[in-house]
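The structure appears below as structure tokens.
A, B, C and D are the chain letters, set down in written order, and residue numbers restart from 1 in every chain.
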Amino acid sequence: METLLSLTPLVPLFPLLAFLAIVLVLNPNKRLSAAVAIGAVGLSWLLGWAIFFSSIGAGLGEQPFVVELPWMPTGRRLFVMSVMLDPLGAIMLFMVPFVALLIFIYSVGYHNLGQPNVEPRFSRFFAYISLFAAGMLALVVSGNMLLFFIAWEIMGLCSYLLIGFWFYKPSAANAAKKAFLTTRVGDVLLFVGLVLLYSFTGSLNLYEVLSPENIEFMKESSISVAGLFTLPALPTIALLIFGGAVGKSAQFPLHVWLPDAMEGPTPVSAMIHAATMVAAGVFLVARMLPLFEPIEGSWWLGVVALIGAFTAVFAASIAVAQNDIKRVLAYSTISQLGYMIAALGIGGFIAGVFHMLTHAFFKALLFLGSGSVIHGMEHGVHHVEEHGHGEGHGHVDPQDMWNMGNLRRHMPTTFWTYVVGAFALAGVPLVTAGFWSKDEILAEAFEKWTHKGVVSIPFVVWLLLTVGAALTAFYMGRQLGLVFGGRERTEAARHAHESPRSMTVPLMILALFAIGFGWVNIPKNVPLVGNGWLYTFLAETHINVLHEPYEKVPFVFSVAAFSSILALGGLALGWWLYRDVTGDATVSPFERDPVARAFARIPLVGRPLWLLLENKYYVDEIYGVLVVRPVLALSAFLNSFDDRWIIDPLVDGVGKAARGLSAVGRWIDTYIVDGIVNYIGYILDELARGLRLIQTGRLPNYLAILVAGVLALVGLMLR
Amino acid sequence: MEALDRIFIRIGEAFSTFLAQYLPAPVVTVIGMFLSAIIISTFAALTFMLLTWLERKFVGRMQDRIGPNRVGPFGLLQPIADAIKMFTKELITPAGAHKVVYNLAPILVVAPSLMIFAVIPFGRDMVAADLDVGVLYLIALSSATEVAILMAGWASRNKFSLLGAMRAVAQMLSYEVPLVLILLTLVLMAGSMRLTDLVAVQGVPFAFLQPVAFVIFIVAAAAELNRTPFDIPEAESELVAGYHTEYGGMKFGLFMMAEFIAAFGMAALVTTVFLGGWRPWLIPLPSWLWFLIKTYLVLFVFIWFRGTFPRLRIDQLQAFCWKFLVPVTLLNVIVTGVVVTFVPLVRNGEVVVRGIGGWATVTVVYFAVNVVFALVVAWLYRRPTLQAVQQIQVGQPAGRGLSREVQTA
Amino acid sequence: MSSVPLSWYLIVAALLFSIGAYGALARRNAIGILMGIELMLNAVNINLVAFWRYIEVTGLAGQLFAVIVITVAAAEAAVALALILAIYRTRDTVNVEEIDLLKW
Amino acid sequence: MTAEQVVFVLAAVVTLGSALGMVTTRSVFVGALWMIAVFGGVAALFILLGAGFLGIVQILVYIGAIAVLILFAIMLTPRVMGDPNAPRYNRQWPLVAVMASALASLLVALVLRTDWPLAQEGAPTITGFAVELGKGFMTTYILPFEVASVLLLVALIGAIVIAREE
């Protein structure tokens, strides 16, 4: 068993090798690169599950399995890199590779390998997603925050590459840049947090950093910011790290990039922007549990919870007014992430993690479903353009829900799997996984709220989350109605047809998990099926890290009932309102959309209110005004300032000085150096001419000189 | 016999003791020196006169004629007649000649010849100046005569005399080398350059120990003296009378005297070095008598040469010396050096060889080595000598044949 | 000790040396110069032997050095004369002033 | 004035006189003869100094070999010598004369001024020195002896090669 665990560092390695293989060697051969990518992820999936199942009994909670690697000498201490596996990591190892594998298989069909219009950059796509898989898995198994941060960055890079996969589309390119920059803001905050953490604790290994002594030490100590003012250490570090999570999991201030990230191919959105990457933020907060420990003084937990709750409601409200099928799902993801963050904020650590896992499954299902819908719609659009018997008024957007309708007849499997996903998301009671996980969070909030009283944060969180739940159910119902209900509103919809088996099979498997996975953690006090296995499994990390048992929240029948009523009501309302609505994409929303009509009826403020929702509260525009324009102006100014006042004059000046110096050098060289050399030559020449006279050729002269020499010598001796 | 042997010594001593009564010691020694010098020079003059006679008598007899017999019994007074003729002749100096050098030359030629006798041990304890470098002194004197000859040749301002002088000096210079080398071998064996030591060492005359060296020495001595086989300078047919053509009267006489005294000196050297000097051979005659007998024997050989050998050409002469004598004598030095180290005659001053047996073995060893050496040399030079002989018959200069052959050999 | 003091010998040698030097320098005939040089070498020999005789009789160095000087003089004379003859043969003159090709 | 001093003065006069004679004679041949006289005088000085062996070597080598060689050389180069009235000195002889005499006076002054470390032992033994010299050559001074022999060989070969008529 020990040896199996020791293989954890290998898990991220296979996709990485696949990435390298594809990039370096297999690029031209599309089929082979796909096979290699899928094989690699399959391997890590098998290894992941093997590790997960073997870790169940291993009691990793108290003593997480650690593989250390002395990596880099830093000053006196040696920086140790490590790989850690604890129950949280193990459960993630169960979910992440499995979802990745399904999405890999799905994307083979999505990019229609083997059909006429196969994606030209097919193998590159697989290389990117393999790299992403490697990054995510590395993040999961990393024990050292630096390795965590490296994996974090790799995922950021992959999201940029994959969003901008169709880089020839300007919108895709801009979306990729936007995604990268906004997440980058979050990353900077995270990085500062880590640096501070390192400075305080001297190491970045989780099992060392988060020890109680360090927490106590951080609690007392404070950070002086450039000598101006001091900040309490623990809160600043926690909030900075939470900032990274906000950036990556697209919470309220930094959520703008996720909807635009929909420009990328659907499998990408499914994997990155639904299941794995966005979950990383939540995973980070879960990992740094001691920082977010719900002890009495921790006010910053409230901040976390509020942000999470507010994002949930905020995103849900926008999702209601969206027309693009993928954007609805994007905003729903943001709101669900808000749920998780809120759960963690109010101390519901296991509830948050549970919701993250279940959400990964059904959100991946929904995205893949929407992908197959869009795929079908594209066939329909091509069909219409080639045979030319449609109305022919402009290009029909395959992603706009208003162009669809009655697709349940054309795509039955997609329809049914999509329904399962929608029900799980909405939280249809008892059956779906979504119900159990969302209910947990609501129960947590409710239970905390009942303790602390109405005016407390949990109450606000609970209230927002329940409103959010209602809105979620409504927009899912709306989506079902628009896409699958009623009659085909456009010719293209009439010609849409089912996706190939390679796409539908993963949908079915995910559907199974969307339902089945919930049962894993039915609370104990539910009769006959209650087991709470996940509680026991994850509670060990809680004990090990916080060193006090995690009080299990019992199943509250009233809360569950109330939330299920809301879910079913919302779904029914949405389906009923949008089932037989008419008017395709070209009609203005106020004619075609019943809710829009309802808003319009509200005097004066109604119409702008709907437009506000539809345009995402104009957040992008606000940022554009507040952030982008000033920065551009500043750079323009600096550029001109540099050119005219500092750089050019400086450079020119140096140039002139150099030329002047060289002129002086030349003068010295010609007159002094050459002069001296020539003069010496001249002297030697004259000397030689003089000396030549001695060589008369006559022997007597030489002898005379000889004797003269002797004479001189003798004279010398005499003196 | 002893009395007779030491007769001259006793006379000398008596005379000096007589003088000692009247004059202080140093003066006596000086006078003693002068006296011995005078005695030796008169003895030399006498031998000169005897030799001229002997030579003309013997050569005559060899050429089947009687030789001088008119003046006195058997022509014995002939030398005196010549002497008178010499003195009465007018002393003339050629116009072009360099007066000083011309007149100085004859004196300088005679002086060295006379000085030779200072070193030669005539008999037991009868030696004028027993120099430890006796042999070297002799060689030095022989080289001194060359200068005088050059002076004579040059001063007489006569092409023939100049050429004659140069040839004579060239010849003497060349043959001096083998002479010195042979004397070196003998000094090697005797371990000292003092002539008395050489005589003392010769239990067996070196002639028997070094036969090859003895023969070569005699030939080289003949060349050194410009006598017969090598008497090109006075070659009447070519150079009239060589370097002393311009000289007449007593100057010419001096030249003749120098020549004969040098001959006698060389003979004396041969006897002291090769024939055991004054050491008696079996018959116990007085030491100085044995010395004279041996010297005159050697002189007879020289005269014999004059009587029988034809004259050599200058290039044959030089070739013979440089290509045959010098290499052979050099090898002889080396061979003797080796033999002396193994069979030493003298170890730091004392004669090592004891009794008849000792000397017998020594003689046998040296003689054997020498003979083998001679055979080897003969074998080495067989082809060049054959060629040289043919050339001589054909009339080409011997030198060229020999040189090419030696190079290729 | 011999009655003749050392300095006399040295004086004679010095004079001989100077005369030799003059002979070497003044003569026009190459052989004349050579003879001058021989004279100077002889003067050196006198000094050497004088030093041997008056300063270090027991040692050998003085006389031995003189012998070496003599041999060197002989070798030098031989080579010099060979050169002079060769020059004479090619340029028909022994007059030093005419043998002056080695000049600027 | 002891006998020895008399002889010394005699020899010195002979040497210096003939040296002057050598320098002043018009014809080189006579100069050569004067040189021989100088060699004789020097030999006498050697013998006076007790170096008998060296004196004889001096005679043998200088007079016997070098002087003869010089005489030969002079005779082999007759043409220049021919005209006795050719000026025997080059142009610079007055300057050189001054220099030579200056040299002489300086050397003599030097000789008189330095006090030579005279040895105190008795007169050297004239006889037997050749043996020590020979031993010396063969033992302690073997190197100079070998070098001198090599020098002679080289000089011999060199002279022959240079002077050989093709």
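Following the convention adopted for this analysis, a residue touches a chain if its C-beta (ideal position, glycine included) is under 8 Å from a C-beta of that chain, and two chains touch if they have at least 3 such contacts.
This one's a predicted model, so the numbers in the text were calculated from it and none came from an experiment.
J.: Going by the stated contact rule, which chains contact chain A and chain D alike?
T.: In this structure, the chains that contact chain D and also chain A are C.
J.: Measuring from the mean of all protein Cα atoms shown, which chain centre lies nearest?
T.: Central chain: C.
J.: Rounded to a whole Å, what is the gap between the Cα centroids of chain A and chain B?
T.: Distance between chain centres, rounded to whole Å: 132 Å.
J.: For chain C and chain D, let me know how many angstrom lie between their CA-based centres, rounded off.
T.: Each chain reduced to its C-alpha mean, chain C and chain D end up 6 Å apart.
J.: Compute the distance, rounded to whole Å, between the mean C-alpha positions of chain B and chain C.
T.: It comes to 33 Å between the two C-alpha centres.
J.: Taking the mean of the C-alpha atoms as each chain's centre, how many Å separate chain B from chain D?
T.: The mean C-alpha positions of chain B and chain D differ by 28 Å.
J.: Give me the residues of chain C that touch two or more other chains.
T.: 21, 25-28, 96-97
J.: Give me the residue numbers in chain D that touch at least two other chains, ranges are fine.
T.: Correct list: 53, 57, 65, 72, 90, 92, 96, 99-100, 103, 107, 129.
J.: Where does chain B touch two or more other chains at once, residue-wise?
T.: In chain B, no residue touches at least two other chains, as defined above.
J.: Is the way these chains touch best called a line, a ring, a star, complete, or other?
T.: other
J.: Touching pairs of chains, which are they?
T.: So the chains that touch one another pair up as A-C, A-D, B-D, C-D.
J.: So in the complex, which bits of chain A are touching chain C?
T.: 692, 695-700, 703-704, 707, 710
J.: Can you tell me which positions in chain D touch chain A when the two form their complex?
T.: Going by the criterion above, the answer is residues 90, 92, 95-96, 99-100, 102-103, 106-107, 109-110, 113.
J.: What residues of chain D sit close enough to touch chain C in their complex?
T.: 2, 4-5, 8, 12, 15-16, 19-20, 22-23, 28, 31-32, 35, 38-39, 42, 45-46, 48-51, 53-54, 57-58, 61-62, 65-66, 69-70, 72-74, 76-77, 79-81, 86-90, 92-93, 96-97, 99-101, 103-104, 107-108, 111-112, 116-119, 121-124, 129, 132-133, 136-137, 140-141, 144, 148, 151-152, 154-156, 158-160, 162-163, 165
J.: Report the residues of chain A in contact with chain D in the complex, numbered from low to high.
T.: Residue list for chain A touching chain D: 698, 700-701, 704, 707-708, 710-711, 714-715, 717-718.
J.: Going by the contact rule at the top, pick out the chain C residues touching chain A in the complex.
T.: Residue list for chain C touching chain A: 21, 24-28, 30, 33, 96-97, 99-104.
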